[in-house]
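Each chain carries a letter (A, B, C and D) given by its place in the written order, and its residues are counted from 1.
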Amino acid sequence: MSTGSFLKRIIGEIVHPSESARATRRARNVLGIARSLLSERGEVSGAALARELLAEYERLPQAAHPVFFDLLVTEFAPLAAEVAAAADAYRADPSPGNLLALQRAVEPPRQELMRRLNMAPGGTAALVGMRRLVLAGLGEHPGWKPLEADLAHLLTSWFNRGFLMLRRIDWHTPAIVLEKLIEYEAVHEITGWHDLRRRLEADRRCFAFFHPVLPDEPLIFIEVALARGMSDAVGPLLDPDAAIANPAQADTAVFYSITNCQDGLRGVSFGNLLIKQVVEELGRELPRVQRFATLSPLTGFCDWLKAARPRLERAAGGRALVAELDRLADPGWSGDEAAARTLQPLVMRLAAHYLLEGTRGGAAIDPVARFHLGNGARVERLNWLADASETGMRRSAGLMVNYVYDPADVERNHEAYAKEGRVVASHSLRALARASPLSRRPARA
Amino acid sequence: MSTGSFLKRIIGEIVHPSESARATRRARNVLGIARSLLSERGEVSGAALARELLAEYERLPQAAHPVFFDLLVTEFAPLAAEVAAAADAYRADPSPGNLLALQRAVEPPRQELMRRLNMAPGGTAALVGMRRLVLAGLGEHPGWKPLEADLAHLLTSWFNRGFLMLRRIDWHTPAIVLEKLIEYEAVHEITGWHDLRRRLEADRRCFAFFHPVLPDEPLIFIEVALARGMSDAVGPLLDPDAAIANPAQADTAVFYSITNCQDGLRGVSFGNLLIKQVVEELGRELPRVQRFATLSPLTGFCDWLKAARPRLERAAGGRALVAELDRLADPGWSGDEAAARTLQPLVMRLAAHYLLEGTRGGAAIDPVARFHLGNGARVERLNWLADASETGMRRSAGLMVNYVYDPADVERNHEAYAKEGRVVASHSLRALARASPLSRRPARA
Amino acid sequence: MSTGSFLKRIIGEIVHPSESARATRRARNVLGIARSLLSERGEVSGAALARELLAEYERLPQAAHPVFFDLLVTEFAPLAAEVAAAADAYRADPSPGNLLALQRAVEPPRQELMRRLNMAPGGTAALVGMRRLVLAGLGEHPGWKPLEADLAHLLTSWFNRGFLMLRRIDWHTPAIVLEKLIEYEAVHEITGWHDLRRRLEADRRCFAFFHPVLPDEPLIFIEVALARGMSDAVGPLLDPDAAIANPAQADTAVFYSITNCQDGLRGVSFGNLLIKQVVEELGRELPRVQRFATLSPLTGFCDWLKAARPRLERAAGGRALVAELDRLADPGWSGDEAAARTLQPLVMRLAAHYLLEGTRGGAAIDPVARFHLGNGARVERLNWLADASETGMRRSAGLMVNYVYDPADVERNHEAYAKEGRVVASHSLRALARASPLSRRPARA
Amino acid sequence: MSTGSFLKRIIGEIVHPSESARATRRARNVLGIARSLLSERGEVSGAALARELLAEYERLPQAAHPVFFDLLVTEFAPLAAEVAAAADAYRADPSPGNLLALQRAVEPPRQELMRRLNMAPGGTAALVGMRRLVLAGLGEHPGWKPLEADLAHLLTSWFNRGFLMLRRIDWHTPAIVLEKLIEYEAVHEITGWHDLRRRLEADRRCFAFFHPVLPDEPLIFIEVALARGMSDAVGPLLDPDAAIANPAQADTAVFYSITNCQDGLRGVSFGNLLIKQVVEELGRELPRVQRFATLSPLTGFCDWLKAARPRLERAAGGRALVAELDRLADPGWSGDEAAARTLQPLVMRLAAHYLLEGTRGGAAIDPVARFHLGNGARVERLNWLADASETGMRRSAGLMVNYVYDPADVERNHEAYAKEGRVVASHSLRALARASPLSRRPARA
């Protein structure tokens, strides 16, 4: 807990002692219903109790949430004595029966509580929302970890891929879903309905996963542009007034944005599965589309460049290089064409090095690279001045990468990366990386 | 294992040693895919591997199933050493971290395997089917208990009430669902499409629970007749050529059949919830319907009567009573009107006693009574010669019971039954029971 | 009117004079509502009046129908004086305004009545049913012709192809639709649900046209078998217990039954459009299916053969031929293998002649041939002993024909047939026809 | 034709003679396909020809439309000689057969052409669009009247109430429909998605009629506010940031906007039916809603006031009144509270007079009044300063009216209005009207 928030809470409690007491009382009341729901009575009146519990939980003031979560952690936990006894019995005789008893002893009652709460309409959404709050408060309340783990366990089981439905999103989709795309889009902001509509035109595709009980809530969505050739800049893709191309003439599907929508499902991974299923879908719909590539930022590149400065200074001609790179600090550098042209070879080589060689413990440094390489993609191409947005310039020096998903190679690429830490990349990118001043394997001739 | 089946297996193995070896080999092959699915590779190619695993599992010959299940039990179990170590660590320091580690150690890998298998289309249905097989073999293979427990745990979580959809079944329902009603109906056999159609006419209702990924598979269904007054015999309800009544004039909904469809979901209880939701639905659709009653068999009555014979003989005038009851052994007794009239008071009193007083450990002896009383219903009326079918005569001496679900009393009734073992019944039934020769509380006057 | 029915009506009127008067009174009452519906009041309360009218019409006893239709013909007709005046005005000055006035004068008020009746739910179905009754009674009541013409005009406009929806029928189709297939199938009777189910398995297809306001009423349906090669006998296709083939291996779609369902839509032609759209659908779903052929009866063959007997006798060796053909009169002829083998060449040649040369006024004699040739199909093959059913033997001497729909040739074939009366046929069929004893173009060599 | 447009066309033809010739050529080409579609060939290849015709028609440049319509009028008309002959035959013998022949002779071939065009997907929409163009050009091309009449006849038949579906519009409606509400709303402009969303919140309802083949095209829609009491001003209803009321507490449904969407369906009346069905729908959903009222403009009031000035001047004290009314010319008059208070009684009385007495040939002068009175509504209340929008002030002097739809009285009210020209109004409105300086029936006392 930071000093600031600690003080704030102290002061809060001093100023509003009664409010704090009231919050506690209300949280305790809600958990009283929870106990009924877990009791014998819950067997027969479960649905009604679950509805009541949910309604009361949702009426809790924000101040009561920490109390509520604290109590869930402490009072709906496995009983230490029971766990210990079951553990002892198992130690003495590791029979199936004793194992089963131990499994039961270690399962917290709040797991069953959550399952019963789910009988109420809206229960699943409430549990996802609860995990969002718990995750957000974990820094301040590390004691909530067991509660978070239980929620994660349950939601991972319930949001199993087998239960998700892939749905295409287009202009026939209900507004209640579309407005969520506008709200959630995290990579390239959607500025409004006009912008959104362009992203759903004939030369675009958008797909999302949904859970059957949350038909209005996309879990994750991906935006695709159908193009001739791999896009080398994101600006034209995002222009709401760009001309609409004929999708029948496209040979490439460019995945230019993928967004996880539900904070409460963090760590319940859908991205890998979504990309693969969308590749299948598009292959069926548009047999002429033969290449599936992303257009992705290098979100960690500029930070890494800063950190790499000392190493770079030590390289041959390092001081001059560093001086040249300093120009990137000038926000308008890309507007100076001559300067940009001078910078390009150096920055491209360093970026290639960053992607291909900059691994940490066998894993790529760049988080986006880590995701796509982990899914079996190949690093195909670096694009200069491909994202002129403020964020793009600040984090990626305007660069973007195409990762290519080739269904035939995905598994092999993944193995190479996961087992040997080897990044599969195109010839040209490998050449660029070898030419980097930081390369340990200097470029031939 | 019975001697018969043991011999059969021995002989099977003698005659076809190679077949047995082949079954083992095939089961091992399938589990090889299962291991891949659990490995690193499963992270990236999970969906494809799950599909492959499922396809191979479904191609397994019947002979390979026992081997397959045996291996799931032994090779996909928690590692005893790891469990022991985690248990020790927890004993030494019962911290949340150590609890979490212990929880993870006791969870069998086959749980995760099942969750991953579910990525394949058809996965859920396959797991339900697997549990059906495991349950059916449990008598012969008690070692499968841990596997069965894992499947039960998973399916209980996945078939949570919150995920089920109530759907009305009528003549607009797809044939693929309707034919399953014909196949599954367990209480009053449906003889074909003509019979089924009558059960879906305007004066009937049928509802079922479905899971979103099994849209063609009813999990449980209930059949309802809309009537004026509580039905006192099931024959007219089942007559496929009976005239169709006007549902707008009905005041009573008679639940005359409720069937669990999926053996693989045994113990995952839906019946209680289904009845309550159907009561709500009908109340909305037909506000004039004020009474919700079942028309149910006394499935254990005749067996109980046989067992009660010695006690009855010891009662006042017991020998004569027993002699009279012996007539029930004659299959045509109900055709002899005079005999039937003589038997009626005695049998009705004994049946009332059976229902109201015949408890064992606080629970009703009759399994159907146990279900409805546990749900909070009240025993309302006994009906003489209400089910003339062969089964009805053999098990229930032709008697049927009306249990009444009164939404206002359900919870109180349940509490009375669950906590005090008290059966809530109508005046008339209580009077009948008191008049029973076995009654400890003799009827007044 | 036949003497029988005339007498029946006379007697009916003698016996029940009051019933007849009551029928008239009721019909007049209904038409009173009809007049309100056409009046000013209908403008504001149209929907309510239409509902009332429909309800009363449907309650009319059968005896009142003829009265009702008679009155519709006489009292809701254009006024002769108005028509004459408008005709005169147009004769004097054929201006657009006078034409419009004449158009309005000749439109019978019952047309507008029917359009307004359609505001009531169920109106369209009622009008289709009304035309069915009117058509059925036309022989006895030729005066109903104008009423029939009005209904035909309206229904042709409303059941325009642009409003029909093609739907695949399979085991997921609601039972309420499926039972109508069983009821309506006119070519090869469906004996029940078991039989129906086989016709909807993986190696079969069934499609129907529906109108949006009659979602439970197929208008026309077609049954298709997916096969390797063109089927040469219908028995195996109809066997409910035949093994199910793999549709992915089929190269031919065999249209073995096409049924118009609504007598009230007679003459509103859908068959041609249905076949063509089904060819498109199957081409999309199963690109390996390259041939689209029917397996059709020669429904008029045996009748024609009887009529052709004198001509045949006059041919070279005619007496012997006729004697041979007489064997067909023996119901068991096909069981005598030797006899059948002797008959085959002669009957096949005559059948080919019947199909290819037996035209009347440029049109094929056989009604089924007329339909398929008019649609642009080609006569491909005659199949010996292809339909052993009682009807098949009696009407077609057991023969069946394959007509082939080749999308590339359909229009050309149709033109040849429609303009020149030329039947497009395969080489082998033409050779067979030339070898017929009735041929005017004797076979070469 | 106005001089301007005439000159423009002359000049157009001078400048681009070739373009004009090309337009004619293209229009003729399209009609060549139309002739094929009507020919024998259309029988077999109708769907393909219709698709071709539609595609070519839609590719026609705007300049070719007048040529196209001219040719449809002249070359696809009934043949005068045939009509005359049929008329003569009918005159000589008015038999049913001759009537039928005359009916056929007067039906223009373009009617059948339109019905066949409708076989193409998109045909119905194209015909609606064609009528829109024809209607728009009718002033300039009065010769198109017969074409317009044919389109009207066909579309009236096809858009029969029995084929329309009432759908509720809310935030679950696809965006493709919602954006059309924004585009079409004609009464109170929707400024964007934020505004639209408020109009679809829990205390609002929106319903539209759709035709099955145009599922994305509302034909007419109505916007309703659920309120306590009748709204007396439209501003609060339109405020996108107004608080959302609880619909369960509403007792009144206020219809504040009704918009016909399709110019091509002008005169095909849906409004009356829509209001009545929405009253039914709301009655079912919200039994507490007992009053159904509009909040409507007096669109012709200010114009009428201007025209009534001479008459007013002649009334007692007329000069002073006219001088007072002149203040309305000052756009800011309503901002001057004192002035407004002085004006109110006079303007309200005149408005009441305008609504209740200002009839022309038995029909109300105000077009909105004419619509609602014709539907059987009652004039209930005049609301002062109820619409402060520029249009509202300019046309209605800021006044709005509540018309009340009382299902029990609708038919009687309609009869009174339609047959006797009597406007049914509340007491208070009648009192206001009597107090008007123009009243012929001076107020008592």
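Throughout what follows, a residue touches a chain if its C-beta (ideal position, glycine included) is under 8 Å from a C-beta of that chain, and two chains touch if they have at least 3 such contacts.
These figures come from a predicted structure and were not determined experimentally.
In a homomeric contact, the two copies may use the same or different surfaces; for chain B and chain C, over half of the interface residue numbers are shared, pointing to the same surface. A centroid comparison over C-alpha atoms places D as the chain most distant from chain B.
Here the spacing of chain B and chain D, counted between their Cα centres, is 61 Å. Chain centres here are Cα means. That of chain A falls 51 Å from that of chain D. Within chain C, contacts with two or more other chains are made by no residue at all.
Within the complex, the chain A residues that touch chain D are 171-176, 178, 192-193, 197, 216. Across the complex, chain B meets chain A through its residues 40-41, 43-47, 77-78, 80, 83-84, 87-88, 90-91, 94, 96, 99-100, 102-103, 106-107, 115, 118-121, 123-124, 143, 145-146, 149, 154, 156-158, 160-163, 212-213, 272-273, 276-277, 374-376, 410-411, 414-415, 418-419.
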